[in-house]
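Have a look at the structure below before the remarks.
Every chain is named by a letter (A, B, C and D) in the order it is written, and numbering of its residues begins at 1.
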Amino acid sequence: MLSAGSDVAVGRATPVSRRAALLSTRLVARDTWWQEFDCPDIAAAALPGQFVMLGVGLDEPGAWLLPRPFSVGWTGPGGEVGILLRAYGQGTRALARLEVGQTALLLGPLGRPFDTAGADVECVAGGVGLAPFIFLAAREAAAGRRVRLIYGERDAGAVFDPALIARLTDHDPELFTEDGSAGRKGLVTAGLDPASRALLLGCGPTPLLRALAAFAREHGRRLQVSVEEHMGCGIGTCQGCVVRGADGRWVKACIEGSVFPAEELDWGAI
Amino acid sequence: MLSAGSDVAVGRATPVSRRAALLSTRLVARDTWWQEFDCPDIAAAALPGQFVMLGVGLDEPGAWLLPRPFSVGWTGPGGEVGILLRAYGQGTRALARLEVGQTALLLGPLGRPFDTAGADVECVAGGVGLAPFIFLAAREAAAGRRVRLIYGERDAGAVFDPALIARLTDHDPELFTEDGSAGRKGLVTAGLDPASRALLLGCGPTPLLRALAAFAREHGRRLQVSVEEHMGCGIGTCQGCVVRGADGRWVKACIEGSVFPAEELDWGAI
Amino acid sequence: MFGAEFPSPVLLASGTCGYGQEYADLIPLDEIGGLVTKAVSLEPRPGNPPHRVAETPGGMINAIGLENPGLRGFIAEKLPWLREHLRRAQVFVNVVGHSAEDFAAVVRGLDGEDGFLGYEINVSCPNVKGGTMFGTDERALADLVTRLRGCTERPLVIKLTPNVPDVGDFARICEEAGADGLSAINTFPGMVVDIGRREPLIGNRSGGVSGPAILPMGVYATWRARQTCGLPIMGIGGIRNAEDALQYILAGACLVQVGTASFVDPGAAVDVHEGISKFLAANGVARLEDLVGALRSRPGTGPAIPAG
Amino acid sequence: MFGAEFPSPVLLASGTCGYGQEYADLIPLDEIGGLVTKAVSLEPRPGNPPHRVAETPGGMINAIGLENPGLRGFIAEKLPWLREHLRRAQVFVNVVGHSAEDFAAVVRGLDGEDGFLGYEINVSCPNVKGGTMFGTDERALADLVTRLRGCTERPLVIKLTPNVPDVGDFARICEEAGADGLSAINTFPGMVVDIGRREPLIGNRSGGVSGPAILPMGVYATWRARQTCGLPIMGIGGIRNAEDALQYILAGACLVQVGTASFVDPGAAVDVHEGISKFLAANGVARLEDLVGALRSRPGTGPAIPAG
C-alpha cells in the first residue's frame, strides 16, 4: 500500500485554517513560551496528540515563514488553544516573539490523536514533548480520570513551571532532570515501572522514543509515540513528512501520525 | 569622465555604519512617522541635504530588507538623528513599524549636501521632500538666519504636524494642498515668487523637480535639487543609483548627489 | 483557454495540493481555476528518505522523489474523487517518466478516462537514456513532445525547467513539436547543509527550491517564453498574492499556479484570485486577457544583458 | 591558496565593493580575505539606464550593465589605490568581455601591473560571436580558458554561471582548460514587473538576482563543482553570516565571497569571518581546511534527483 492517503483520517474532525489572535504569552522556562490563541473552531475539535501548523501567513510579504507544527497543548473553555513553544531555530524564534493582540494563522486540528480508549495510561514526556500530555491529562482530569505523567528535562532552567502545569491539568508530573537540578536526577526513562501494564504514551526527542520502543518491546507493553519530522503542508498533500513504517513503506507523520502505535514504525530507521 | 568615483566626496565626513536605537517615533501625518534615532556620530557630521541608508541589518536572518535612503531630517543636541518616514511600499512599511528601543542600522552621512554658502534661500518641498529642509531651516535658525519654506501636500491628512515643524525649525512653512483642505489650494509651485533672486532648493517627487527646473531656467534662477533613485549601497560602489547627467553620462545619485545643481542633470531624461 | 472554462485564472501547482481531496475541506475548490495533480508515473514510486522539505531564505527546498501511486493507483484511488467532486475547477495531470516510453504509457493509459482536462508534462526529471533531464536537452525534449502529441488530443502542457541557458529556446521547441501550452517554471536545484551534523539536510542531498525566492526568475522565464513562442503560458514560481500573479500575467502568462504559498496559507489561491479581480476593477480593465503580455517597454531600453 | 596568504577566508564579491576605496573607511579591509573588483572591460562601459537595482523576495535584482572605466581607466584611477592601501587583503580583478579577444586583451594589459593577485573571469556575459554566454557554452568556455591560460601565470579563477543544466560539467571544462580555481556562483536572470506602470521595473528589463534567495542554489553549485573537479572554489551567493558560509565550505568551498549582504550591513564580511572563527573554536576544528568539502553522506542516501 503506497498510497494510504487521507482515508486514514476518516472520523477525525476536518481541519480548518483560521487567523487567530494571541490572547496571552508567558515565558515558562528557558527559551520556552506558553501561548494561548483565540481559536474556538480548533479548540472545539482538537484531541490530545493532534497538532496545529502555526505560522504568520502571507499578509506581510517581507516576512517569509513556513508554518511549523506544534502539538495542541491545551484547549480552554473560551475557545483557547494553548501551545508550548520552545525557541529552537529561526522559525520558532520568530513565533516566540508574537505579541498579545497580534494574529497568527493556525491550521488544525491535524493528525492522528492518541488512542487511549479508557486504558490506564503512563505518559513519558521529554522536553516540550510534554505539550500533548498537558492536554491529555487535563481532559482526563475533567473526566475524573488520572494519568501518570513522567517529565524529563536537561536541567531546572528548562522545566515548565510546575504550578502552571498543575493549574492546567490538575496533575503533578514526576520530574527528572539530567543534571539533577530539579526533581530526580536521571533520564526520564528511569521513571518507567517495569511492573506496570499501563498503556505507554511517548513524546519527545527521537532517542527518548527509541528507548521507549526498546522498553516496550522488552516488557511486552503497548506504546504509542508522537514522532517529529519536517512538514510542508500538515494535511497529507506534499508527502514531505515521511518516516519509515514497519512494513518498509514511507508513512506520513502529518496524517498517518504524528501518533503511531510503536509497532507501525521501523525503529531501525527512525 | 566615466568614473567620477569617490573623489567627488572629498571634504565630506566619512560615512559610518552604526546600530542605533530608536528613541521616539510619532505618527505625524497619514502613513507618515517622525523617528528619532540615537546616533551621535552621524548627528555630529551630517549636513542638510545628506541622507542615511536605514535598514534592520542581518541579525534576524528571516527578515530580509535592503536598506532604504532617507534624508537626514534633523539632528538633535543629544546625538539624535531625525527621519521623516512615509510608508510607501514594503520596506518603508516595515521600517515604520520599528518600536522605541528596537535598533536599526544607519549608514551615513551620505551624499552631497545643499551648498547654500550664505545665500538667500527658498526651499520648495513636496511631501516628505520636506525632511531636508526641516534640517536646513533648523540649522539656519540656530545661526540666526531664516529661509523661506514652501511645502505642498495632496491634502490636509498628509500634512506634517505644523506645531512640530515650528518646534524643530523655528520656521512656519507656507503650506499648499492640492485640494485646498489645508493652507492654500494648489501645487506648491504656485508659491514661487518670480521676482525673487534667492537660491532655489527643491526636494520631492520628480514632476515637482521638473517644474522647478523649468521655472529656474525661465527666470534665470539658481536651483539645487535632491533627486531620488533606487539605491543598493549608498556609498558609490554598486553603481545602482544613476540618473542622466547633462553631459550624457550616468551620475550616481548617492555620491555625486543626491543634491545636484539643476544644470548638472539632463532634464529630458529624469 | 485550452478549450475549457476556468472559473479563475489561479490553479494549485503540482505537488503542493496532492490530488485535490485534502484541499476540498479547506477551500472552495470549484471557485479556483483548478489544480495540477502530484506527478503520476507509470509504476508506483516510493520517494526519497527524509528530510524531504525544509525552509530556505524566502522559500523552501523539497526532494519528495516523485512519490506517487503510479498510473493504476492514480486511476483507481485518486481520479474517481476528482471526477466526482470537481464541477468547474479544471484538472491537469502532471506526468513524469524516466524515458519517453514511460511518459507515453502514462498518457495513453489515462487518455480514455474522464475527470481531467489535460496533461502537464514534468520534464525536470532525469532521462535514464540520455543521462540529462528531458527539460535541459533540446533533442530529447522535441522527441518527447512529438511522441506525446501522437498519444493524445487533450491539452498538452509542457512544464519548463529554468535550469537552462535560455528558457526561450525550449519554449520554441515545445511549440514546434506540437504542445498546446507551457508551464513556467519548475524548481531550481539547491542544497542545504546541516553544519552541525556536516550532512546535507535533505535526505536526497539536493532538492528543488521554490517559493518567493524564485519569483523574479519565474517572471523572467515567462517573459522569455512569451517572446519566442505563441503558446498559452501558466506562470508559476513564488506567487503569494495578486501583485505577484499580475507580474506573471503582464509578462505573458494567461493562467497562474500557486504552490508553496498554499503551505503558508491554504487560502492563498482564493485570495490571489480575489486580489486580481479587485485590481481589474480598480484599474478599469474589462478582461484579464487585456493584461496578458501587456508589458510596455520602458523608454530608452537597450538590449537585455542579464547581469553585472 | 592560489600561492598567497589570505588573512581571512571571506572576500567581498565583484560589483558589490567597487574597487575597494569606499569600503576602506567602513571596515578594516586588510582584515578580510580580500576583494574582487567590479568587472573591468577593455573599453569603458556606460552601463544601463535606471532603475538598476531593486529588492526582490529574499534578495535583490541588479542590471548595472557592467559600467566600468575600462582597462586604461582601471589602471590609471583604481589600481594605484589598491596597490597603495592593501597590505594583506588579496585582490582579484573581475574581467569581462564580449569576445575572447576582449578578455585576453584585458588580461594581457593588466598582467605587468602590481597591486592584485589574480583574475576572476566573469563569463556570465553574452558572447557577441556565439550569441550565447561564454558561461553556458561548453566549447566557447573551453576556448576562452585555454586562451587566457596562455596570457598569464597568475591565478586564473573562472566565475561560473548557475544558468546551465549542470554546473559540474562546466567546472570540469575549466579545470581541463587550465584554470586555477572557480567562483560559484554568479546571479540568476530575473525580472520584476511594475504592475502599476505595466513596465519592467529595471531599466534593462531583466537583471541578475542575488542575495539569500539564491543561497541553496549556490551551495548546490559548489557541491556539484567539487564533485567533478579538484580546483579550489570560492563560494558565492546569499551569504549573510558564518552559518551560510560554512554551508559553502562543507560543500567544497575554500574561500567565500560576500556580496549583497554588504549592502545590508557593510560589516557583514568581517562578522562572517568572526563567526567562522568562533565555530571552529567551539567545535574543536584546528584549521578551516579540515571542513572544506567535509560533507558526510547521510545514511541511506540514494542517487540525487533534483525535484518533485
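One rule holds for everything that comes next: a contact is a pair of C-beta atoms (placed from the backbone, for glycine too) under 8 Å apart; a residue touches a chain by one contact, two chains touch by 3 or more.
Please read all numbers here as calculations on a predicted model, not as lab measurements.
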item: Label of the chain whose CA centroid is most distant from the centroid of chain B; value: A
item: Interchain centroid distance [CA atoms averaged], chain B/chain C, Å; value: 45
item: Centroid distance [mean C-alpha coordinates] between chain C and chain A, Å; value: 35
item: Multi-chain contact sites of chain B, meaning residues that touch two or more partners; value: 61-62, 64-65, 90-91
item: Touching two or more other chains - residue numbers and ranges from chain D; value: 15, 49, 57-59, 62, 64, 211-212, 300
item: Category of the chain touch graph - line, ring, star, complete, other; value: complete
item: Contacting residues of chain D [partner chain A, same complex]; value: 57-58, 300
item: Residues of chain B defined as touching chain D within the complex; value: 2-3, 5-6, 14-17, 55, 57-58, 61, 64-67, 90-91, 105, 107, 229-233, 235-244, 249-250
item: Of chain A, residues touching chain B in the complex; value: 60-65, 90-91, 94
item: Touch list for chain B against partner chain C, complex; value: 61-62, 64, 269
item: Chain C residues within the chain D interface of the complex; value: 14-15, 39, 48-49, 56-59, 61-66, 96, 122, 124-126, 132-133, 136-137, 162-166, 186-193, 195, 197-200, 203-209, 211-217, 219-220, 223, 238, 243, 246-247, 250-251, 279, 291, 294-298, 300-302, 304-308
